[in-house]
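Scrolling down, you'll hit the structures one after another.
Paired with chain B in one complex and with chain C in the other, chain A is shared by the two complexes that follow.
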Partner chain A sequence: MTERPLASRLKNVLIPFTALLLALLVCAILIRSFGYSPLSVYKGIIIGAAGNMRSLLQTLSESTVLILTGLSFAVAFKAGLINIGAEGQLYMGAVFGSLVGLYLPLPGIIHKATVILVAAAAGGAWAALAGYLKVKFNAHEVITTIMLNTIAANFCSYLVNYPLRASEAIAQSDRLLETAIIPRFSAQSQFNPTFFLALILVIIVYIIVHHTVFGYEMRVTGRNRNAGLAGGINVNRMIIASMALSGAVAGCAGSFHIMAINTRLIDGFSTGFGFAGVAVSALAGGNILPIIFSGILFGVFKNGALVVQRISRIPSDFIQILQALVIIFVAAPMMILAFMDFVRGGIRKITNFTGLRKNRRRTAP
Partner chain B sequence: MKRILAVFATASILIFSAFANGDAAIGTGDAGTLRIGIILTTSGLGDKNFNDMAYDGLVMAENELGITFDYGEPETVSDYETQQRSFASAGIYDLIIAIGADQTEPLTSVATDFPDQSFTLLDGSIDGLSNVHSIVTQFQDQTFLTGVLAGLMTNRSDFPMINPKEKRIGIIRGLDLPVLRNATAGYMAGARYVDPDVEILVGDVGSFNDPGKAKEMALSMYDKGADFIQLMAGGSGLGIISAAVEANAYAFGVGDNQNGDQPDHIPATAIRYVNDIIFNDVKNYLNGAWSSGKDVWGFKEAVVGYTTENSMVSLPEDVVDIIEDIRMSLVAGEIVPPSEVDDVDAWIAENQYY
Partner chain C sequence: MIEIRGLCKAFGVIQALKDVNLRINQASVRVLLGENGAGKSTLMKVLYGMYAPDQGELFFDGRNTVLRNSHQAIDLGIGMVHQHFMLVEEFSGYENVVLGFEPKKSGQLDRGRMISEVNRLKHESGIDIDLSRRTGAMTVGERQKVEILKLLHRKSDILILDEPTAVLTPNETHDLFAMIRILKDQGKGVVLITHKLHEALEIADEITVLRDGVVVSDGIDPEGKSREDLAKMMVGRDVALYSRKPSPKVGEPLFVCEDITTESSGDCALKSIHFSVHEGEILGIAGVDGNGQRELVEAIAGLRETAVRRVFVQNQPVPAGTPDILKSGIAFVFEDRNFNGLIENMSVNENAILGYHRESSLKRGFLLSQKKTRERAKRLIKEYQVRTPSDQTSVGDLSGGNQQKILIARALGAGPSIAVISQPTRGVDIGAMEYIHESIQLFRDLGNAILLISADLDEVKSLSDRILIIHEGEIVVEGKPTELSDTEIGLYMTGSHPD
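After this line comes the complex of A and B, so read on.
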């Protein structure tokens, strides 16, 4: 695509930044009105998320899965599809990945790679199913992916409650074979190599989307389906393929989580990572590379929330409110633009009043 | 653009300074004060049971012993280890308490990595670590007296809500877990201790969060002539209570005192004093009496029991007397309820009240 003007690029950065600032402000008012100190909450987030090396690494570890689910949403979005199914695709990836991890004895690195590939295939197939339903029966992917989420989560729940159950007291499988487990760098945090794998995946997907014919066709399909058809693109195939790519990324996220964090399949292990991905992607403005930053930011919130509650006894629900506010403001760019105009107008009034702008009267209205 | 950035910088400074008062200090706590950390279960605060009781125990310790405490509410099982590690690596806690059987495995690895940190685990046991105190309670002790009450009352004709024809009572569990099997054995043994002919129906909901299904099971049990059902089903228990109201019959609470929830339908609760367990563990730590290893506590240690407080059901004098009598024998250790359902028959053959 053509180079965008600099101003529009700046706006792309400013809108999420302003949204974040506004969210912090509104949340501060909320926290205050409940009788807590917003400062100690925000200080807690920073200390908790980056107060020392251990917290910093833990934050990166928490952000790994968020970066990937954010990436999953963004890929489908590039093709004009709204994949709300990362949660289910992540579960499918985790389920099939852990079956390989539990029962297929293979040598170390090959075993890990197989688990990831199988998980990607499972997640991809689960998402492609929604794509197929769209193409074949015109079923909207928002509806089908949400429904498929429930099926996948319950399928995982069934497996760990019955056939894979290893412990009477807890619904979970056995520990994966040692060859399938990705070890952590140290015992102090859960930080592990999957973070770097996630970054590599982001770059690979960026290259696919922006520098290949496949990616070009995908973006054309996303912008204008009819134009794609007229241009000779097999739009139906593109829809299924984009969903598959999106699901494969989510499937990888699932396998990373079970290989490095849980080391086994556990009932309901996802705290809604898939849904958080929608927010991560929204904050990145639908672009691919900034997902790394927005993913880390949500990791900061998640890891910070634990600490806020631990050290200040302020309910961590406020952090969830904060995240929701960020999403609301990001999703409403017109509101942000109006706010920016309002602030600009306010500044103008103040500077006019104090006479600071005398020499610029020419540009003032 | 520059101006806009300046605006943002000013705005953010304003925001932060506007709120820069109140309890801004983080991690305060006088040196010398005992500092406790607790990691709750995924149900979190507000469950009106396990988590709330554990929290109450620490509030009690805060008021009476002058300790301070912080708590963590994990969202999923994946968060247990993160939170345990976060507490342990903070290095400011004298004692970290983890509650719930599903914290056992993550705590095993965390406690191994932090050998100088003391941990207490409630409802699970970890062997071979010198920094972990494991506490397990006797579920068969907890349900024995509600069993006795049901056994004494199931045949009475002077209570309109009791079906005097069949000697049938029930227990509904969330899942078929070992500890709940112990509770079942205690309930069965209690009922048959006073009347060997009582028949006990056992049902498993399959989940601790399915009140709808629990209600259906309870209604079908009441339909079969059961007059009392012991709850043992966590959040599913609410369905059993509403079934008791609908069928105009009785249910027994479990855990925290639930008698007040439906005072006309819940004559008693098989109570577990999680608050006392936590309070005493902290007190022991303060007095230097805390030690690692495994403790199995029951009626004798007064961590489980039976209460009719807040219930509007007035029990007949003779029943109250018998229960009190049996309670004394339990406290004295003269009666030791069986822990396995399979052992109940043999136990009944040896132990009879009359």
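After this line comes the complex of A and C, so read on.
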């Protein structure tokens, strides 16, 4: 961490906060224009997501994957890479994790660990492929990871539709072996131990990025590749390795979801978890530890919106609009600064106005 | 004629200019001299209408005038060439010259008149340049000529040139000065901002020295003044500029380059460069920028592909590639600190370990110890007098001189026996320059070998124990700095061989 003036630190908090506020505002206008009441929707979200212990735990459960995909994006970003491929890496992790979970009988804890490790390796390899293409052919990672997303999602779809298909009705596999399933804490919500694993992963990744030689080289590569080369860093290897780490985190997310929530591989099980990660990371300002908060916040939105949809039949899709708006506003800090100036100007006008009135009163006989 | 009286300008709590008085006369060259941050550019920006002064008056031909913006300044005949050129790269030279003041025929650009008008200006001012080419394809020197023609086209009487020589080769500087003299003879007033002392002495009719926002001396006649006199005014104390200190003891050859040859790929090809640097010796390589200096350093480091690369330290071949070459005891200061020297938005301490970050002395277990990293940075900051609020300050917030000191500290402080140092004081204040020169000499006096590459001839001559001159990728002559005259060196640098 660098020592910066208070003003710039404050800005680091204010910009994401204002971005969120603006996103909520614009989203409210959209909700309004579709004929719903934004106030009741937002109120419904909060009650739905945190109204009682059960919904709160469900929110944390929804946050788990979001924290990890956000972490995945942030790791690559630290190395100056834009990994839009968490979605595909998550699918690859889920697919290979499921294969181990379905067909490799192992004792309990070892089985679970193996599933997670294999998923991390699969997600990592899938992302490293994009890194390799960048290093070898100068193919931009945004393009390649998007392509690889489609391939991974369809690969999963093929498996559950044909070779792994377990039921006539639904494209899904058998239930994983019992030893590979991570049980929930209670039947009331989906809350399960993977939430804590995700928090541990955030901390591990934070330590890797900020307190190891590998992380140092990664950050140097991300900020000035030429200085890295001059300083003896194998920049190409760092690009591939950073992508691999980023993908491994997404792969873990995939396996957690399979092991604790779905208990089996399902066609199209990810509802855009990977892309939501971009918003989670953006709201955390590209930093690693704040991802925990932004991930939980998006968990609130998601879980809350599902509740709202169940009760009032307002489609929960507007959450995706909200995510997109957050990215837009965070990505455009100048817009936020202009908005903050505007607000400040407004406040000044108001105080000037009231000040004037006070003066007038004073001069009045 | 312009006169400024009692000018004050503050940015927040920083008083950039304090009670400045200045007169700019027609048909005269006024040099504004000062360290970075002395207020030169601020003063000129006030004059050009870009900043509103807090206090003070501006008299234009005796009339009190308030400038609201630079358009007004242009209308009054004030023109400015900014340090970073304001040209549209996709346009031709002609188009850039007339931009904003185009000759028109029925609402469209009148190309015929544009070309004849600009050619007439070219002829009058003696500026020789082919303007039909795309500006983006021009050299820096040519672009500057386009900028100056632009001012002439706008009929500017006062020309402000902000550090015009910073990016020029010696020959281009020479051309520029010739141009300035012609303009002066035509009655133009020229204000030239610089921190290069010999240039001030060469071109100025009058010199004004600014220090910390205050005019410390005004109307200095360059006649009979030395660089040391000016430096003293700029810095406020005696400065030992370019003082020669020969090596106490030159030992055995330590760093031997038998042959470096590269193939050209759009840049300068090196033709079997060979030299050896001895213990306790500074070997200087002088030459006009772009004659293979950059390529040579990159080839030594192994950052560039070479056809032949036979480099030895104590008869051991030097590995290519930075991690290994740094370990073999050769440290580098590359020529462009922003390109590959520093990571601007990382802290001083993280920058101070780059290249040496794998050393076990910085580790705690398998972690990179923040404590040890900071301790090392603090030691370097202290030893090399880096002026920074803290070791956690972002490097981008430091002045160029202090950034450069970090590079020197990082390289020399890592305990190498050989240092390859390229352009050690480019864009650096006099104070920092003096200190960097001392550090380099001190490092040599300990018995280490230094290969010094610089486009600043004075620097090479005063620091080096032996000089090589490079021209178009070839070493053309070797000699002692005391044996070669400036004229000889100048001729060798431009490729002609004096007899």
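Simple rule for what comes next: the second predicted complex is superposed on the first by the 352 of 365 C-alpha atoms of A that agree within 3 Å, B and C clash if a C-alpha of one lies under 4 Å from a C-alpha of the other, contacts with A are read in each partner's own complex, and residues count from 1 in each chain.
Everything below uses one rule, namely that contacts are C-beta pairs under 8 Å (C-beta built on N, C-alpha and C of every residue); 3 or more make two chains touch, one makes a residue touch a chain.
Model, not experiment: these values are computed from the prediction.
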item: Contacts of A:Y216 with chain B and chain C, given as first, second, both or neither; value: second
item: Touching partner for A:R165 - first (chain B), second (chain C), both, neither; value: neither
item: Chain B versus chain C as contact partner of A:S189, first or second or both or neither; value: first
item: Touched partner set for A:L14, first chain B, second chain C, both or neither; value: first
item: Superposed model, chain A: greater residue contact from chain B or chain C; value: B
item: Sites on chain C touched by chain A in the complex; value: 301, 303, 321-326, 332, 334, 339-347, 350, 354-355, 357-358, 363, 366-368, 370, 389-390, 392-394
item: Footprint of chain A on chain B - complex, ascending; value: 1, 3-4, 7-8, 11-12, 15-16, 18-27, 37, 70-73, 75-79, 81-83, 85-87, 89-90, 101-102, 104-105, 113, 124, 177-179
item: Touching residues (chain side chain A, partner chain B) in the complex; value: 10, 14, 17-18, 21, 24-25, 28, 31-32, 36-40, 42-44, 47-48, 54, 58, 62, 168-170, 172, 187-190, 257, 261-262, 266-271, 303, 306-307, 309-313, 316, 340, 343-344, 347
item: Chain A - residues contacting chain C, complex; value: 1-4, 207, 211-213, 215-217, 219-220, 223-224, 226-227, 229-234
